[in-house]
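The two complexes that follow have chain A in common; it is paired with chain B in the first and with chain C in the second.
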Partner chain A sequence: MKNWWKALSVLIIFFVIVAGLVGPTPRLPILNESIRNVYFHVPLWFSMIILLLTSAIYSGKYLRSGNPDHDRIAVEFTNTALVFGLMGCLTGSVWANFTWGEPWPNDPKLNSVAVGMLLYFAYSILRGSFDDEQRRARISAVYNIFAFAVFVPLIFIVPRLTDSLHPGNGGNPAFGQYNMSNQMRPIFYSGVIGFTLLGVWITELRIRMRRIQAVLED
Partner chain B sequence: MQGKRTKVSPVPLYPMTQSLQQLGALMRKEFVLEWRQRYALNGMLLYIVGAVFVCYLSFNARRGQLTPIVWNTLFWIILLFTAINAVAKSFVQERAGRFLYYYTVASPLQIIVSKIIYNTVLMLVLSGLGFATYAFVLGNPVQDIALYISSLVLGSVGFAASLTLIAGIAAKAENSATLMAVLSFPVVLPLLLMLLRVSKNALDGLDRSVSVDEIVTIIAIDAIVLVLSGLLFPFLWRS
Partner chain C sequence: MNALLSISLALNLLAQQPDSVDMADQLRADGKIWVVVLVIAVVFAGIVAYLIRLDRQLSKVEKEVNSKLVDKKTLNPAAGAAGR
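Now for the complex of A and B:
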């Protein structure tokens, strides 16, 4: 069966939703039941970063090969990653509203992510400003790689140097070490895999759409 | 200049000395070009002095009354805008035909390196002048001048390195002024945040060991951006 991973993605996400909503969780002050959001909010960010990495790799491939298909793949991975990023912001807002008291607290990680999103919105604007396809593909591939290289320190290094509400930053322990109990871990990692597969699936559909459009235009 | 116009194939492996000589010629070209179009250089100098003075008057001309954090942030914002404006012109200044000519005589790596070095020097001059004027009109609360100046140097290198490639990208598109701003704000932001923190430490005269983490991060970001500019520019160049 060729599309086994799509079925797997559905199964995993179904499992994550059910197990995430009814499974046992540690009782923690402030967090309470909202800890279940860790199965949705955090995997969305993880898969966003994986999708962006894939996009940057395909941009590199495009620069080496000049194959327009690689450019299509890179764009669509970025688009899906942006959608995941927006979802991550939304789930995070809901969570922050309950635990930290406001939907958008002034936290370095949030601000970094907002800037990271700006980086990739600028990527779309850059693409829009070219008429010639080859030129657009080449220059936006250059920018995409550059943007990813800036995105990584923005997300992983800058927030760690200041105080942050997020675990894993500003001297707080990372969530893998103390904050997550053993019952939660399998569901969390399944979530990461499930959402990444879902992202790849969405991207694949969009890429196929673009390929058909390209054929129709010729 | 005459002797260095030897024709070579576009992507060769130069012997080290010849390559350095070519780099020197390209650098000299940048400076000569700037000197011939002095209005652009003078414009940049006036831009930063003017911006500083506007801020001075906007704060109602009361020196020594700004809190350190406002003093510092304002200065870096001025510097950021100056940098974007100064670097943006590095690719639009020359006509397309001339680039074709450079393409035949030098490798893209040499071009980008010469541009980055030139922009770094330009930024050093601009930030030095900016700091002097700023401290002159708004008072100078900095307690650790050496650290502050080294943050200016690191900032100049970082701004020049990251903005030169962005300027190259923006110059290829239409409406490049807006695009330059849109593309460069998020790209320089991590650098700017780190610089703000180091310079704030210098301002408060904190012990230098406090700033080590930030300085290492700035150097790392500078290095990443420099290497990437060198790697990516050849592809940008060819289109």
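Now for the complex of A and C:
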């Protein structure tokens, strides 16, 4: 069955929903039960980064091959990644409202993430500004690779150099005793796999649609 | 004075017994947590059903397009190769 991984993503996410809400977690002040957001908010971001990496790789492939299908794949991975990133921001904002006191505190990690997302929105706008397919594909492929190269240090390195509320930055250890435990890890990592596979499924649907459009346009 | 307050706050947090942190224990004891699980699972099931529907619709169109391409190629080999 060639769609086994789609079924797997659905099963994994159902598992995360059940185990994530019912399973044991550390009992921590301020977080209380909202620590369970780790199972949903964080995997969205991990997935986004994997999807963006895949997109950048296909941009590189396009530059080497000139095959328009590679360009198609690169765009759709970025599109899905943007949706996941938006959901990541929204879920993080809801969580922050109740644990940090406001939906968007002036925080280095959050601001870096916002800048990173804008970089990728600019990619979409860049593509829209070209009529010629080949030029569009080539220039946006170069932009995509640079965008990813900037995005990774922006969201991982910059926040660690400064004060940040966000776990994993500014002196707050990530995946330490304050937001993760050995009981939580299997569910969390399953969530990363599940949401990534879901992202790939959505991207595959969009790519297939674009391929059909391309054939019909001829 | 500030140092003393900070240290006593930290000690207090570290020394907190698990029972004193408010968690949704009553929700779990009542079994109502399963209602929450069910609701979220139903929402997700709906989204998955929509994705499967999209997947099937795409497969159908793909088949049509491919068969049309094959027809073009068999009827007119020269033009079929260029896809026109």
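By definition in this document, the second predicted complex is superposed on the first by the 214 of 218 C-alpha atoms of A that agree within 3 Å, B and C clash if a C-alpha of one lies under 4 Å from a C-alpha of the other, contacts with A are read in each partner's own complex, and residues count from 1 in each chain.
Keep in mind that, in the parts below, a residue touches a chain if its C-beta (ideal position, glycine included) is under 8 Å from a C-beta of that chain, and two chains touch if they have at least 3 such contacts.
Quick caveat, the model's predicted, so the values are computed rather than measured.
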Overlay on chain A: chain C relative to chain B, clash or fit: fit
Chain B versus chain C as contact partner of A:Gly116, first or second or both or neither: first
First (chain B), second (chain C), both or neither touched by A:Lys2: neither
Contacts of A:Ser129 with chain B and chain C, given as first, second, both or neither: first
Contacts of A:Arg138 with chain B and chain C, given as first, second, both or neither: first
Geometry of the superposed three-chain model: angle at chain A (Cα centres of chain B and chain C, steps of 10 degrees): 160
Where chain B and chain C come nearest after superposition, their Cα distance in Å: 24
For the chain C and chain A complex, residues of the former touching the latter: 13, 16, 18, 21-24, 28, 33-34, 36-37, 40-41, 44, 48, 51, 54-55, 58, 61-62, 65, 69, 83-84
Chain A - residues contacting chain C, complex: 3, 6, 10, 13-14, 17-18, 21-22, 27-29, 32-33, 201-202, 205, 208-209, 212, 215-216, 218
Complex contacts: residues of chain B adjacent to chain A: 162, 165-166, 169, 172-175, 179, 182-183, 185-187, 189-190, 193-194, 197, 213-214, 217, 220-221, 224-225, 228, 232, 235-236, 238-239
Contact footprint of chain B on chain A as seen in their complex: 63, 112, 115-116, 118-119, 122, 125-126, 129-130, 134-135, 138-139, 141-143, 145-147, 149-150, 153-154, 157-158, 161
